[in-house]
Amino acid sequence: MALSREQIAQRVAQELQDGYYVNLGIGIPTLVANYVPAGIEVMLQSENGLLGMGLFPTEDEVDADLINAGKQTVTMAAGASLFDSAESFAMIRGGHVDLTVLGAFEVDVEGNIASYMIPGKLIKGMGGAMDLVAGADNIIVTMTHASKHGVSKLLNQCTLPLTGKGCIKKVLTDLAFIEIKNGKFHLLERAPGVSVDEIVKLTEGELVVNGDVPEMTF
Amino acid sequence: MAGFNKVVNSYQEALAGLEDNMTLIVGGFGLCGNPENLIKEIKRIGTTGLTVVSNNCGTTEHGLGILLFDKQIKKMVASYVGENDNFEQQMMSGELDVELTPQGTLAEKMRAGGAGIPAFYTATGYGTPVAEGKEVREFNGKKYILEESVTGDFALVKAYKADTFGNLVFRKTARNFNPLAATAGKITVVEVEHIVEPGELDPDEIHLSGIYVDRLIKGNFEKVIEQRTITEAKNPKQGA
Amino acid sequence: MAGFNKVVNSYQEALAGLEDNMTLIVGGFGLCGNPENLIKEIKRIGTTGLTVVSNNCGTTEHGLGILLFDKQIKKMVASYVGENDNFEQQMMSGELDVELTPQGTLAEKMRAGGAGIPAFYTATGYGTPVAEGKEVREFNGKKYILEESVTGDFALVKAYKADTFGNLVFRKTARNFNPLAATAGKITVVEVEHIVEPGELDPDEIHLSGIYVDRLIKGNFEKVIEQRTITEAKNPKQGA
Amino acid sequence: MALSREQIAQRVAQELQDGYYVNLGIGIPTLVANYVPAGIEVMLQSENGLLGMGLFPTEDEVDADLINAGKQTVTMAAGASLFDSAESFAMIRGGHVDLTVLGAFEVDVEGNIASYMIPGKLIKGMGGAMDLVAGADNIIVTMTHASKHGVSKLLNQCTLPLTGKGCIKKVLTDLAFIEIKNGKFHLLERAPGVSVDEIVKLTEGELVVNGDVPEMTF
């Protein structure tokens, strides 16, 4: 069965390592923070100028001067630091963030990603997404594997305007955990109860399946 | 003899010299750290044909968004322009020219503009619509695009505290683009919540030197919150 | 489980992995804000063939200068290299390779190296020996040269105060190149005068985020003064 | 009679305006601070990371962490600010410093300046001088007009390696105050008791003399 949003977040969280500085995009990526494994500490970077994002505030703690990149009110964890936007993207662009998790409309076998614009429909802007995909070495894209109508979002070539070129190596969909290398998708894991055939059918780009593909465990 | 005293006493004086068709660099992220009273004063003055460089364009009711209502903005350079009904309409109808710029590139363009760096290379945007018409160059086997800096006729900035010399301290994430914008204006106008005497700020705690500041005014701020999110007892980790 | 605790307990541990022929980015201006104990440890270890990027090369007796005595430095990238007898000798004899770099360009090269900017244009050095072999380009009628960023295998940094997560506060003009150097090292080692617990530093007063810091050690500092100048009663304005 | 070092500094100080941010180089430029006219406030920038340099310290005030670009111990004036070296040169390179005063070995009619290197003799480096001359609009060079042997330092073309190209417009020597424009030197003022002929004789580059050249006043 396809993973829920929470399960996607939960599986991504297994990739966290102790001491990781992490940038979580809006949507499913934000949920990853709820599943940090026991015994592991991570710090969350918010590209509007905060490293060490804490919980949402209580009514008393709400501070209009303290928001995250999604413009939500937040708090700071102990050991947090504040900085301006140039410094924030110096961290991101300079490769100092250990893991970036973000959503996408499409990815392709070349590691291209389209996530910010649907011409004629959605043109709100890329925000920090282009900087994040260009600056990070370690990116996990979270997305649904295919549209409701069964149209694959893992393509031979992205059809939408790109957010980044050749920068995505790992994709976690509701059906599969996939690595991108040498111009192909590689199936690493499948969602519990989802068959390899099902995944192959919903993957437009060439998908390499090597031996037995393990089910994800939670 | 004014010496280094940058304090002005009215918003009119703060924006003296602002003319139609000028370029403004404006601090703030969403409605956080907006120079909200300076923006309101521009609405009052009715300046038009403005090019505005700012991360966002406010909301329908607040921030830079209020300048769209009277069609005062000709061109917007921003990374994200949702949350405003007028924006999409004017963009679609061609009344508003929009240059979408990645957030980090925008921040760096402002810093570079203030720092006398006319252009820099960044991997951000390579191979995307942002790269169109821009030079691509390889350094150490990776592709980068050339981005030019921005400067403005005016920079509009919100800080938390200042001394009368214009030395600035920002507060929490209201810092964002503000110190960068401040460096990139021919005339930099800063509104703050508190003004103190020179010597009252520890020189080590000053976030931006007064050398960048031309005019300083004390304001009262609404500080509208876009997404008021509160911890629910049953899911305390959601905010993290 | 170390989490974000960057504290190490010996200088040996602080420089573990340092090898011959590596590149070091070192903070400090003259002897002010020098990572003096880290430098002494390199002398003790005896690492050779080093490329050192730092504004100056210390004096004959102090700072980076002590590494010249044992000929540990192969190449020096700096803006000003006076005050050291061994330096001139080794440069003249060809044992030491020197790349003179304007101070502002050097600072910007370090910042760019840490910020993922591979290169930038600057007017500094145009038409001078510094421009040799570098691209010249015109922006808005003015000539600029292309300068590439620097990064190092190690960055050696001196700060005043840190929390255990490596968030740093510098003190007065001992800040200088230190926060820039810190961003540009593959492994960034910081020595400080005081270490406090996370949460004890106001996040708004932190000069550099701990994200750049890999190892942190508490040291004792000599803080040698190069030019001890004192106000004379009869000429009180001389220092200004 | 040729100006003393102090008189050169005094004449330069007349160019100060209220509210000027000023960077003073090592040597004669440093002395300018002693002659700030009454009723005028200036702030001194030291490129190692201080705006608002104060007096030299008393014995009790000496602080190894507080020095100027000449590595001398200093103090801070009220309203001073501290910053890193990249920020310091952002100010300088970005043209935010109102006046820069620095010394030179040679200048020429094209506004070129040589001030940091004598090949085979003096190779200590340019420090911040190249950034200062490239970044400032308003620069005054202070220097002796000619060597002890009467060899002019105001040349048709600099002979030493350049610190900056085409960036000098004003030169104050011990003999004259000179403007550089359109590829020529222009004599603005002469030192008290120094004749125009004497200045012409010691100026290698073309010197334009228009009408009566006033003597400097102090």
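Should a chain be cited, it is by its letter among A, B, C and D, assigned in written order, with residues numbered from 1 in that chain.
In this text, a residue touches a chain if its C-beta (ideal position, glycine included) is under 8 Å from a C-beta of that chain, and two chains touch if they have at least 3 such contacts.
In UniProt terms the chains read A, D = CoA transferase subunit B; B, C = CoA transferase subunit A.
Because the structure is a prediction, the values reported are computed rather than measured.
S.K.: What is the chain whose Cα centroid lies farthest from the Cα centroid of subunit A?
M.R.: D
S.K.: Quick one: report the Å distance separating subunit C from subunit D, using the average Cα coordinate of each chain.
M.R.: 28
S.K.: So how far apart, in whole Å, are subunit A and subunit D when each is placed at the average of its C-alpha atoms?
M.R.: Spacing between the chain centres: roughly 55 Å.
S.K.: Could you grab the centroid distance between subunit B and subunit D? Build each centroid from C-alpha atoms only and quote it in angstrom.
M.R.: Chain centroid spacing, subunit B to subunit D, equals 36 Å.
S.K.: So which bits of subunit A are touching at least two other chains?
M.R.: 50, 76, 82-83, 89, 92-93, 135
S.K.: Two or more other chains touching the same residue: where does that happen in subunit B?
M.R.: 108, 111, 115-117, 122-123, 170-172, 175, 203-204 - these are the residues of subunit B that touch more than one other chain.
S.K.: Edges wherever two chains touch, nodes for the chains themselves; is that graph a line, a ring, a star, complete, or other here?
M.R.: The chain contacts form none of line, ring, star or complete graph.
S.K.: All pairs of touching chains, please: list them by chain label.
M.R.: Final set of chain pairs in contact is A-B, A-C, B-C, B-D, C-D.
S.K.: Once bound in the complex, which stretches of subunit A touch subunit B?
M.R.: For this pair, the touching residues of subunit A are 33-34, 44, 46-50, 53-59, 62-68, 70-77, 82-86, 88-89, 92-93, 112, 117, 123-131, 134-135, 161-166.
S.K.: Touching subunit B in the complex: which residues of subunit C?
M.R.: Answer in residue numbers: 108, 112, 115-123, 137, 139-140, 142, 144, 148, 169-172, 203-205.
S.K.: Would you pull the subunit B residues touching subunit D in the complex into a rising list?
M.R.: Within the complex, subunit B touches subunit D at residues 1-4, 111, 113-117, 163-165, 167, 183, 197-199, 203-204, 206, 209-212.
S.K.: For subunit B, which residues are in contact with subunit A within the complex?
M.R.: Subunit B reaches subunit A through residues 29-33, 55, 78-82, 88, 91, 100, 102-108, 110-111, 122-130, 143, 160, 170-180, 207, 223-232, 235-240.
S.K.: So in the complex, which bits of subunit D are touching subunit B?
M.R.: Spelled out, the residues of subunit D in touch with subunit B are 18-19, 21, 39-41, 43, 45, 50-52, 76, 78-83, 87, 89-97, 135.
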